[in-house]
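Should a chain be cited, it is by its letter among A, B and C, assigned in written order, with residues numbered from 1 in that chain.
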Amino acid sequence: MSSVQTLPRPSWLHTAVGRKVVMALTGLFLMSFLVVHLAGNLLLLRNDGGAAFNAYAEFMSTNPFIRVLEILLFAGFVLHIYQGLYFIWREKKSRPIGYARNAAHANTTLFARSMRISALVILLFLVVHLRHFFVEHRFLGSSLTMYDSCKLAFENPYYTLFYVASSVLLAFHLAHGFYSSFQTLGLVMNHRIERLVKVAGAAFAFLVPLGFAVIPLYFWIRTF
Amino acid sequence: MSFTENWGKSCGTTVGLPATPKGSRRPLQQVRELRERFWREVRVPGTGAEFNQNLEKALRVADFLELGELMIVDAYHREESCGCHLREEYQTPEGEALRRDEEYAYVAAWEWAGENEPPILHKEPLQFEFVKPTVRSYK
Amino acid sequence: MRFTLRIWRQKNAQDPGRFETYEVDGISPNTSFLEMLDVLNERLIKEGKEPVAFDHDCREGICGSCGLFINGRAHGPLPNITTCRLYMRHFRDGETITIEPFRAKPFPVIRDLVVDRSALDRIIQAGGYISVNAGSAPDANAIPIPKPVADRAFDYATCIGCGACVAACKNASAMLFTAAKVAHLALLPQGQPERRQRVQKMVAQMDLEGFGHCSNTGACAVECPAKIPLTAIAQLQRDFIWAHFTPDPYAR
């Protein structure tokens, strides 16, 4: 039997487990953001010509507390993406020679297997979405109100289709991500909690993206 | 495999339970022939320079052949019966195993004396201080 | 039954390796998978060819030696069994069966289907033990442990170290293996003094060996012959986080 190498203990952030904890914490933080964002977005469905939504948009872009949170949110995204990229690299490193035949579908869910693809689509969505609303209004000083900007965008069927498709992929990402976060934080202590987290995760992954998808669909349907 | 069958016949039927006095030296002869045949005919795929499970198995067979031969030597040098290890020529008038503790109350350790040389016997006597050995009766 | 076997052949660690195809015929449905390979090897030896090297020992599912990646799954198409307990009736007659070694950077191929799994031993050496003073054995029930706790600890202790979790994991992570030992000892009073150091040392060793991270896909638990549940991993995570963020009561 070979002897154990003594090693300098890596800082916890650099262990596989520590990095996953960062992934889980940023993931949960981003999920909480999704809920807040969705709650605001649902104001778009109010039949008041966008008064409530515009007031909300105004509040979100001027309140100093929100501005600080915004920086944290960006940091959360960056960390989450950085760790994700690290794990892609690490996966290759841990198994340099892959299997000729792999039946991963037999022991994992579609959602867990497609985390990378869903992440990529969400990232792409994020770029388009931020460019279209955040950059346009915050930095380029759009003459439209936020409500009109949304209305204009979602009356375009391609734009709506892109948003709906992104929501579906977000649902995929959350379907594994929700449970995975709790598991990584060590909170899934027994099979009862495991079931509970999985049910809650399924509900979250279904309802939140559904909420996001309904809004562009609503504007698009109203064009008929 | 015919080799395995030969081996079984030599050991099982002649030194097995109970051993017969007849043909007493025959199994030894058979095992020696078998051992010789093994070394003459053995073919091990692969080489010793790499991980080789076949070599491992072949070495195990070689070990068993030597050990088996030694067991036959040991079995026949011990001219007594002991419990189930019954030799038909050593039994009481009633047909029970006849032990000869005065001669054979020792552990036999055999020393390798070279190829085709009879092994050298070292005796390690069994000393009983508190409990003296007795003959068990099944009646 | 008749099968076409696509088997990974590799002379040694340096050889790049390749698949070779063999036909076997006249196999009884009740032949075990390893016996089927024995039949093939017997034939290869008679033909003067090199038999296929594969690990096996007890052939009754308790030793953890046998480990083959069969048709894309660790230990073959059934969940929670070892390769030796897989039978040919679990395959279709005439099927092409792909047999590969367990793949992971810390599991270098020694020959054909045999890999070196001693990295797992080194993880255990790093912290998967308790320190006790040698002497006479303590009374069996000197330390009271509630039955449900003992049962759970035992469930985690049943890991046979076969490495199927690593083989099945898309990241080649040894988390289920490591977590089984961490969770087993974390539940018992004897495991408490070294609990913090244990999880830290074992995780560090796991990283050092080059195993991947856990992404909670659960593939490991599906393939694990000892049915180690994912709650073991949650226990490891909890202990690891706890060990880093709370003061060590044993520190001076």
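Everything below uses one rule, namely that a residue touches a chain if its C-beta (ideal position, glycine included) is under 8 Å from a C-beta of that chain, and two chains touch if they have at least 3 such contacts.
On a predicted model such as this, the values are computed, not experimentally measured, just so you know.
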Chain pair that, of all pairs, has the most C-beta pairs in contact: A-C
Chain whose averaged C-alpha position falls nearest the assembly-wide average: C
Centre-to-centre distance between chain C and chain A (centres being mean Cα positions), rounded to whole Å: 34
Centre distance in Å when chain B and chain C are each reduced to the mean of their C-alpha atoms: 40
Averaged-CA centre spacing for the pair chain B and chain A, given as whole angstrom: 74
Chain C residues counted as touching two or more neighbouring chains: none
Of all residues in chain B, those that touch chain C in their complex: 45-46, 50-54
For the chain C and chain B complex, residues of the former touching the latter: 11-12, 44-45, 48-51, 53, 110-111, 114
Chain C-touching residues of chain A, taken from the complex the two chains share: 1-5, 7, 9-10, 12, 15-21, 87, 90-91, 93-104, 106-109, 112-113, 115, 176, 179-180, 183-191, 194
Touching residues on chain C, where the partner in the complex is chain A: 6, 8, 19, 69, 71-73, 77, 79, 98, 100, 103-106, 118, 121-122, 125-126, 168, 170-173, 175, 200-201, 203-208, 210-219, 222-223, 229-231, 233-241, 244
